[in-house]
Each structure stands twice: as C-alpha cells, then as structure tokens.
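Next come the structures, one after another.
The following pair of complexes shares a single chain, chain A, combined with chain B in the former and chain C in the latter.
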Partner chain A sequence: MSKTVYRTCPTTGLRIDLSAQALIKANAVAAVVFLAIGGLFGLSVALTRWPAVHLLPADWFYLALTAHGLDVLLLWIIFFEIAVLYFASAILLNSRIAAPRWAWAAFALMLGGGLVTNVAVLQGQSSVMFTSYPPLMAAQHFYLGLILFAVGALIGCFVFFGTLVIARDEKTYQGSIPLVTFGALTAAIIAVFTLASGAIILIPTWLWSIGLVSNIDPLMYKLVWWAMGHSSQQINVSAHVAIWYAIAAMLFGAKPLSEKISRTAFLLYILFLQLASAHHLLVEPGLSSEWKVFNTSYAMYLAVLGSMIHGLSVPGAMEAAQRARGFNNGVFQWLRKAPWGNPAFSGMFLSLVMFGFLGGISGVVMGTEQINIMMHNTLYVPGHFHGTVVAGTTLAFMAMSYLLIPLVFQREVAFPSLAKWQPYLFGLGVAGLSLFMMGAGTLGVARRHWDITFTSAPFDFNYPPTAYLLMGLNGMAAIAAALGGLMFIVIVVKSVFFGKPVRDRITLAAPSGQPISAAVASYGSAGTLRIPGTLVLVGVFFTAFVLYYFVNWKYLSEVWPMR
Partner chain B sequence: MAITSPSTRLWWNEPAHRSELIWIALAFVWGLVMFFMMIYWHATGAQNLANETYRTTPNAYYAKVERNVADWQVRELNGLPVIKPPAGADVYLLGRMWLWYPVLELERGQTYRLHLSSLDLQHGFSLQPININVQVHPGYDHVLTVTPDRSGEYTIVCNEFCGLGHHTMLGKIFVVDR
Partner chain C sequence: MSEIEPAPDQEPLRIPFMQRVLDNHFLLLFLGVVVPTVLYIIWGILELVQIPVAP
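Moving on to the complex of A and B:
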C-alpha cells in the first residue's frame, strides 16, 4: 500500500489527495473527449434532419444517431459524474480516496468499454440506436463494451462509498456530510440500481447476440432496459442539482435554506425515481393502466416534488446569500447583481431555469399516461430530454468545469472573454433545440427518422409546412449549440494542457469583495429569511406548468375516441 | 454552506421557513391533482389506450390479416389491398419491414377493434395528422377500440427505428362518411 500524498489547496485550505486529484482529472478529460465526439455526431444528426440540408445518407445517419446517444448520454455524462463523485467525497470531505488502484481499474474498464462500443458502432453493424431494442440485434461487442463500461462505473461508485467510510472513520470532517456530498451520494445510490438493471438486461442480450440465448422478449427488455436508461437520468438530475448547490455555495457562500428539506428532497429521488421505466411503456401492449399510472407518476409525483423543492431551494439559497451581502433593493437586485459574466454562474443559472421550464414541465406532461399517446416517439421526446440532459445536466457540468479548472487542475481558465459568452451561446442553442423539436413533435414529426419527405415510400405524405420550418430552425439551433460546445472544448483543452498555472489563492466569490466565509452568517433561520424574488420565479414556473398541463388535455380531447 | 458540513449538528431540528413549507404543500397538492387527473380521465375521458393484449406469433397473426384481406378487400392502392371491414369488426393491421398492411377504409362514427402487431422488429404506429402514437411489438396482439370521428385520409408513419428502409414505411387509413 503506497502512502497517500497530499497538497494543500491555497484557496480553501483543504487537504487534497493527489491520487484523487489525478483521478478527477482523468475522468473529466475522458468526459470532455466523448462530449466532443458525441457532439459532432449530434450536429451531423441535426443537419441531416434539416430537410434543406439533409447532410448524411441513411446508413450514416442511423450510425451517427446511435453514436451520438452513446457518447454524450452515456460516456460524457457518466465519466463526468465519476469525477463529481470523487470531488464530492475525497475533496469536500478533506479525505484520501479509497482504493485508488480500484478507481484506476474502474477508469480503464469504462474507457475500454466505451471504446469497444464506439468501434462496434463505427464498424456499421450496430446502428441499433442507443436503446438497442430487440429483436434488432447489434454486434456482440456492442453489448460487451456497454457491460464493461457499466462494471467500471459500478466500481467507481463503490470507490466513492469507500471514501465516505474512510472519511468518517478518520474523522476528516465534523458532523454530517455536506449537502453536495449528500446529493452525490443520492446519485451514486441510484447509479447502483441503474447499473444493476443494465447488467440484468444487457448480459442476457449479449448472450443472445452470441447465440446462447434463443429469445429476448421485446417488452421485458424495454421494461428492464429503461430501469437503467431512465433511472440513470436521475443520476444526472441528482448530480446536477448537487452541482447547483455547490456552485451557489462556492460563488455566493450560499447556505441551504433548510438542510432538512433539501436532504429530504434528495431522499425522494432515491425512493421513487426508479419507477420511471414506465415513461417509456405508456403506449405499449401488455401492461395495465393501474401499473402505468402509479409508476409513471413516481407514486403520485413524489420525485417531481423533490425537484420542485430544489427549484425553490437553490435560487432561494442564492437570494438569501446575496441579500446577506447587501443586495437588498427591490425584488430582483440580488439577481441583477449576480456575476453574469462568470461562466460558472451563468451556466449554472441557465441550467436551473431551462431544466425546470423546458425539461421538467415537458417531462411531466409527456409522462402523463393518456397524453403520451400524442407524443410517444415523436420529436417531442428528444425535445424534452435535450431540455433535461443537455440544458440541465450538460450545462451544469460545463459550469462546474470552470471551477474545477482552477481548483483541481490548478490552471487559469484560458480565453476568459470567450468563456464569458460560452454558456449563453450553448444555452441559446440548446433551448432552441429543445423547443423546436418539441414543436415538431407536437405536429407529429417522428424521432429517429432519416427522411420526413418519405422519398420512395409507397404513398405520399407531408407533415404540415410549419414542421419543415421548425426542423430548419432546429438545425440552426444545433449549429449554435455546437459552436458553444466547441468553445467549451477549446477553453478546457487550452486551460488544462497549456494553461497558466495557479499557485496562489483565487477568488471565487461574487462581487462585493467579501470572502466566502464572511458571507455565511447565521441567516437561513426561519424567522429572518426573505426570498421574494425566488417566490416570484417559482410562481411564474408553477403558472406555466399548470397552464401547459391542461392545454395538453384539451388537445387530447380532440383525438379519435378510443378505449 | 452546501459544500461544508451543516453548521448546526442537529440540522434536522432547524425550523423551516414558511414560504418553503407553503411551496412544498402546493407542489404536493399539484402532484395529487396530476395523479388523479389520469384516473379521472379513465372514468370520463374518451381517449384512453386499451390494455387488451394477447400473445401471438408472426405466423398466426399473419393468417388473420390474410383472412381479413380475403373477406373484405374492396380495391387495390399502389399494389396493396384496401379492405373495408364491417362496423364493430376485428381488424388486423400488421407492421413489417417496411410496410403497414393492408390499407384500411373505415366509416366515420363507427367503432372498430383495431389489432396491431409486428411480424419482425418493433415498429411505431404513428397516425397522422391526428397524432396517435402506439408502440407495436412482435409477439403481442394489441387491441385498440377506436371510433374515427372525422372523415379524411390518414397516414400511418413508422416512428420506431426498424432498419434502413424505416423512412419509407407508410400506411394509409381512409375514413369515409356513411
């Protein structure tokens, strides 16, 4: 057993285990590499779906679409999440990391698995989409790579759990773990559930592709696969909510309005989010409506309740912190005086707003049993999840990167003026992607479809002209998002590999000059708290939610009667 | 701060702010409204997806489709049979790579038991422009009881990826006035 080597962080005074630091770096760099690859595939998909451009031929389109889902939804996000887990445990708890060799083995498995599956896709025999629904069959190593990746990620989760145990045993912190670590713990617990579900379904499917299992029931596959596929999106939600809290704390010294409530909200995720497999089965044969209603609503929307709590608690914590610094005029001075030029803040705030308004509302509406009839497998679905996973998770991870670069990589963020605009350009592009796809989906346009002009089909059919306009706008939004993504990659690569070293203490906190610790007084107590701005924001959100929900019931009532 | 341990050790005893509690109550009640809305729609709404499903095999299902065609074919369209089933009949529609078969002609205001199944991969029954979307699985016979309430020409688009010819997979349903 080698001895742990530490450095002391000049900014926070925390003791940093150098092997934890190296692991965070490796996982974050791998994440960004896959973001670059997957993003490029995504751009080519959007440009193909722009009817006037129609970039790729059909076989390349489906290949690119499969690779896009794989590289960004799985590899970019899970690699970054592993980095977040190590950060939230070893760094925030001032501890050494558990079993660094296992952590490196996990990294190697994830990287190897990710590469094997990418190779399988690029060889062209595995254009089965990210979901690989049987009886559609991919090459054997497509599944094998996914299994290796999942095993690696699972080991990473256990390294995180081990680090929590070590930190507790060695008393590296006082009292309870920080809220951000608690959020990361939530993510890791859900990750174990989802990765186990993935193994339960992918191992037999792999054996089926080899020929050792004769049949995989398509419905059973979908049920179990989505216990991985959808519940793993709740890993993302837990991770990016934890990041919202972390950035609010690092920039404003924000303290949770109530530890009890924020932690309970995370607990609701653990208890109910795994029911979400049902969201993908609402228009399938063979399942009862009772099952669909209970599961799709996370047992009466209790996990949605968790997200709505964070939706008030995160901006509320920032507002309280800003008001404690003296930004007390009117309802919104605290927000106007926020560091909008700091990409860590702007990225985080855009992520918060867009996750709620675009991803959150659309997800609940689409996940309503009957309303799903109008949306299943239309472009509404990718419109929704680009609102959650890209606008929400990816933008939050980008924002967090702007803090990890100086703190963990000990480099200055390169091209600061470019970095200032990056979250806005990316956010604008992604908001467009999300909205235009949802719009096209409302008009019936199919997802995963190479040619909506239906060339060489036996019949003629045209979607409404508006759908073509929306697909063009979607292509332009994708270009904006891709430019924003490219800016991020250029900034990260330049900073990490060629950046100016940071040796001294850096200032993370927002203007007003107060150091973080001074801002954290004893506000947050029930008696003195004032968060009128946040209440206005959640009021607007709630109104939009209710109106949009009932508008969709109105649309549904106009569809053919069926029972 | 959220990145440090809670400042009070007994954080679970801290009283919560009233505005946060009100928000939680509101969100909880809204969740109940949304939950019971689905149940309410089952009781009173006209658009609920059937749960009626039977196990089948591609061969058995195909035989039923062919019997439909033999019994009720009225004409051909682009080489495909068009069938006009009587009201209330069991109508078998199949999806296969890359065809919806046969073409249906239904009467407005009549109710039909529309069966959906696939002979090979999963397909997506996406009826346009009305935008009804149902997943179609091989091995499962899903029975929708539908009442087309507007006449016109409807197109079935496949919206589940089913191979390179996926984008050519179109079918037709004509709804005619009585």
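Moving on to the complex of A and C:
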C-alpha cells in the first residue's frame, strides 16, 4: 500500500488526502463538462417548445431531449455527488480515502459509460428519452453505457462507505460523524438502492436490445426503472441538503439547531424518500390504490416532514449564528447582513427558498393521487422537477463549487463580479422555467410533445392562448438560465485551469472566530431556538403551501363536477 | 460501541439508543435498501404478477 500524502488546508484547518483531492477534482470537472453539454441541449429543447421559435425539427428535438435528460439528470448530478461523497468522508473526517485505485476505476467506468451513452444518443438511434420505456428500443450501447455508469457510481458509493470505516478504525474523528457527512451518508444509501435498481432493470433491457431476451414487460419496466429514475433525484435532495448545512457552517460557523432533529430528518429520508417514485405510476391501472396511496402519500409525507425540518433548521442555524455575532436588531437584520454578494451564500439561499416553494410544494401536490390526475404527464412535471433538481440541487452544487475552487482546487475564483451575479441570473431563469412550465401544464400542455400547435395532425386541437404565452415566457426564462449556466462554466473553467493559485488562508465570508473545521467537521448543536426571523419565513411557507394545496382541490372539483 | 471513554474522574457516558442506531452506518444502509425494496418494488411486483394475461 502506498503511503498517504496529506496537506493541511490553511483556511479550514482540515487535513486533506491528496488522492481524495485528485478524485474530487476529476469528478467535479467531469460533472461540469456534462452540465455544459446537457445545458446546451436543454436550451435547444426550450427554444423548440417556444412556438414562435420552434428551433429543431422533430427528430432532433427528441434526440436533444434524450441527451438533456441523460446529461443533466444523471451525469452532471451523480459525478458531482461522488465528489461530494469523497469530500464529506475523506476531507471532513480528516481521513485517507479507501481504495483510491477502485475510486479511479469507478471514475473511468462512469466516464466511459457516460460517453458511450452520449455517442449512442448522438448517433440518432436512441431518441427514447431519459425514461427509455419499452417497447421503444434504443441502440445496445445506450443501455450498456448506462449500466457501466451505474456500476461505476456504485463502486464510488462503496469507496465512501470504506472511507467511513477507515476513519472510524483510525479514530480520525471523535463520537458521531459530522452532520454534513451524515447527510452524505444518506445520499450514498439512497444511491445504493437507486443504482442497484437501475442495474436490475437495465441489464435485461440491454439483453433485450441484443436479442437475448424476447420481451420486456412495459409496466414491470416502469415500476423498477422509476426506482432508479426518481430515486436518483432523491440522492440529490439528500446531497444538496448536506451542502446547505456545509455552506452554513463554512460561511457563518453555523451549527444545526439540534443534531438529533436534523439526523432524524435524514433518517426519514433513508426510510421513505425513495417511495415517492410511485407518483410516476399513479395512473397505471395495474397497481392498487393501496400501493399508490401508501407509497406516495402516507410514507412520502414522512420524508416531506424531513424536508420541512431541514427547511427550518438550515436558515435557523444561520440566524442563530448571525445573532450570536451581534446581528440582533429586529426580525431580519441577520438576513439583511448576510453576505449576499458571495455566490456561495446567495446560491445556497436561493436554492433553499426555491426548492421549498417551487419544487417542494408542487411535489406534494403531484404526490396526491386525486389531484395528480389534473397534471399527470403534462408539462407541470418538468416544471416541478426543474424546481427541485435545477433550482434546488444544481444551484446548491454551483454554490458549493465557489467554495471547492479555493479550498480543493486551490485557485481563486475568476471573474468575481460575474460570480456575484451568476446565482441570481441562473436562479431567476430557473424559477421562471419552473413556474411557466407548471402554469402551462396546469392548462394541459403535454409533457414532451414537439409541437403544441399540432401541425399536420388529423384532428384540430387548440390550447388556450395563455398556454402559448407561457411557453414563450418559458423560452425567455430558459435563455436567462442558460446565460447563468454559461457564466458558471466560464468562471469554473477559467478558475480551475487558468486561475491564480491560493497559497494562504482566505476569508470565506463571515468569520465566526472559530476554525471552520470546528463548525463543519464536528458534532454539536447551536443550543438556541431564538430564531424569530426563521419562524416568520416558515409561517409564510406554510401559508403558501396550504393555500396552493387546497386551490388544487378546488380545481379538481371544477374539472369533475358531481351533480 | 455504547460508551464513550470517560475522563479519569468521570462516570462512563451512556450514548442514547437512537444515537447508536444513527451511528451504525451499515444498519442504516440495510434499512435504506430493504424498506423501499419491500414497500415499493416487491409489493408492486406482487400486484403486477397478479394481473391476468390477456387471452
């Protein structure tokens, strides 16, 4: 076994295994490359769905939509999550990383698999969408690439678990693992279920594509595939919540209001979050209402409870830390005096707010069997998940990147003025995307159709004029989001490859007088519940939640009048 | 491990049961895989296999 080489981060005081650092860099760079590719395809999809522009012909549209889903929903997100897992284990626990050669093999499998699947899509014979429902059949290497990617990511998860074991055995931490690492553990556990489900359904589908299996039952496929397709987005939720806690700790020295409560909230994720996959099958006739309602309502509400706890705990922790620093005037001085010009903070806070208001509330609405029927398989669904995965996860990952660049890549963030505005432009664009798609979906606009005017269709059908307006606004919002995404890519590439080296301690934002490692890499609660500002924000959230939920029941009563 | 090493003049500190559960990462992994596998996948598959095949 080769000797582990460490450096000590001058800013955080954390001991960093250079093998882990190299792996974090590789996975993060790969993630950003796939974000750039997937984002470009996403822009072309939105511009095609803008009736006045209608950019791509039908075959290119479905190709671009498949590539967009693949590159951003799977590759960008999971590459970055593997980087987060290595950061939260090896670095936050001051440990060496387990089996770095296996970790590199995992990276190679993920990269190879991602490239093979992209090639299959670009060759034009695999425009089967991200979901790839049979009997639509893609090229063999489309499935093979996905399987290689899933196996690689699974190995990466076990490297994370191995690192936890090493850190415990070598006593690199005392007591329980830090909350951020616990959040990453939650993400890794959900990832094991997710990736195993993906392998279980994609291997027979691959054999079907090469003629060794005669038939894949479409409903069975949907059931097992969604255990991967939706749960992969639950890895994101756990990972980005862990990142919220990490950024709050690194910028404010914030500790969770209660370790017990926050860890219990993560436990609710571990037990119940994956069950939300069932909402994709709410209109399938072959499954009972008991199965549907239990999985999407009773059990999933426990996971929603977990999210609401984090929604209180993260801003509450920041408020407690700010008040401890003397920002005690009124209800919101702590928030006004927050470092809004620091993209790590602004990105994180926008992610927190938009995930709750856009993705969270709409997710509960869609998880309710009765009201789901109004927007099932409409554009409302991508509206919802752009609120969770893009506004929530992607923005949080972007925010974290602004800390990883100086701390792990040891480079200054390039174009600081551009970086200051980037989360706002991206966030504004994504909020628009999410809202306008949900609005169009409420008017019945189909989720994936190339042309909402139905040109050349045998029967006339017209959506209300408002739907056209919303699709145009959606296209404009996509341009804003794409510009924000482009700014992020330019900043990251310039910083990482051509940036000025960081050698000394840097000030992250709001130093609390204690080492950053003490807040982010240790166990302990804030020990106060004096958070009036957060309670007001939570009250606003609950009011919006209740109103929107019941407005949808009102809509349902109008759709289906009982006389 | 259910106890933290105490300082020489202190009683051993009992770790609460729930904290021991949350510190057992492989138990959490087991639960996180088994619960959705049973409630979502196995229950769902049992319902699908009971659908009669069309004549």
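Convention: the second predicted complex is superposed on the first by the 537 of 563 C-alpha atoms of A that agree within 3 Å, B and C clash if a C-alpha of one lies under 4 Å from a C-alpha of the other, contacts with A are read in each partner's own complex, and residues count from 1 in each chain.
Just so it is clear, a residue touches a chain if its C-beta (ideal position, glycine included) is under 8 Å from a C-beta of that chain, and two chains touch if they have at least 3 such contacts.
A quick note: this is a predicted structure, and the numbers were derived from the prediction, not measured.
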First (chain B), second (chain C), both or neither touched by A:Met220: second
First, second, both or neither for A:Leu433, with chain B first and chain C second: neither
First (chain B), second (chain C), both or neither touched by A:Lys255: first
First, second, both or neither for A:Val192, with chain B first and chain C second: second
When both partners are placed on the shared chain, which of chain B and chain C touches more of chain A: B
Which superposed partner A:Leu154 touches (first chain B, second chain C, both, neither): neither
First, second, both or neither for A:Leu267, with chain B first and chain C second: second
First (chain B), second (chain C), both or neither touched by A:Met374: first
Touched partner set for A:Ser231, first chain B, second chain C, both or neither: second
First, second, both or neither for A:Ala278, with chain B first and chain C second: second
Touching both chain C and chain B, counted on chain A across the two superposed complexes: 175-177, 217, 219, 260, 286-288
Interfacial residue positions of chain A with respect to chain B in the complex: 58-59, 62, 92, 128-129, 133, 135-136, 173-180, 217-219, 245-246, 248-250, 253-262, 282-289, 293, 297, 300-302, 304-305, 308-309, 312-313, 316-317, 364, 368-370, 372-378, 442-444, 446-452, 454-459, 461, 463-464, 516, 520, 522, 525-526, 529, 531, 535, 538, 542, 545-546, 549, 553, 556-557, 559-563
Contact footprint of chain A on chain B as seen in their complex: 1-7, 9, 11-12, 14-20, 23-24, 26-28, 30-32, 34-35, 37-39, 41-42, 45-51, 53, 77-80, 99, 116, 120-122, 124, 126, 128-135, 137-142, 144-150, 155, 157-164, 166-172
Footprint of chain A on chain C - complex, ascending: 4, 18-19, 22-23, 25-26, 28-29, 31-33, 35-37, 39-41, 43-45, 47-48, 51
Sites on chain A touched by chain C in the complex: 161, 164, 175-177, 182, 185-186, 189-190, 192-193, 196-197, 217, 219-220, 223-224, 227, 231, 260, 263-264, 267, 270-272, 274-275, 277-278, 281, 286-288, 291, 294-295, 299
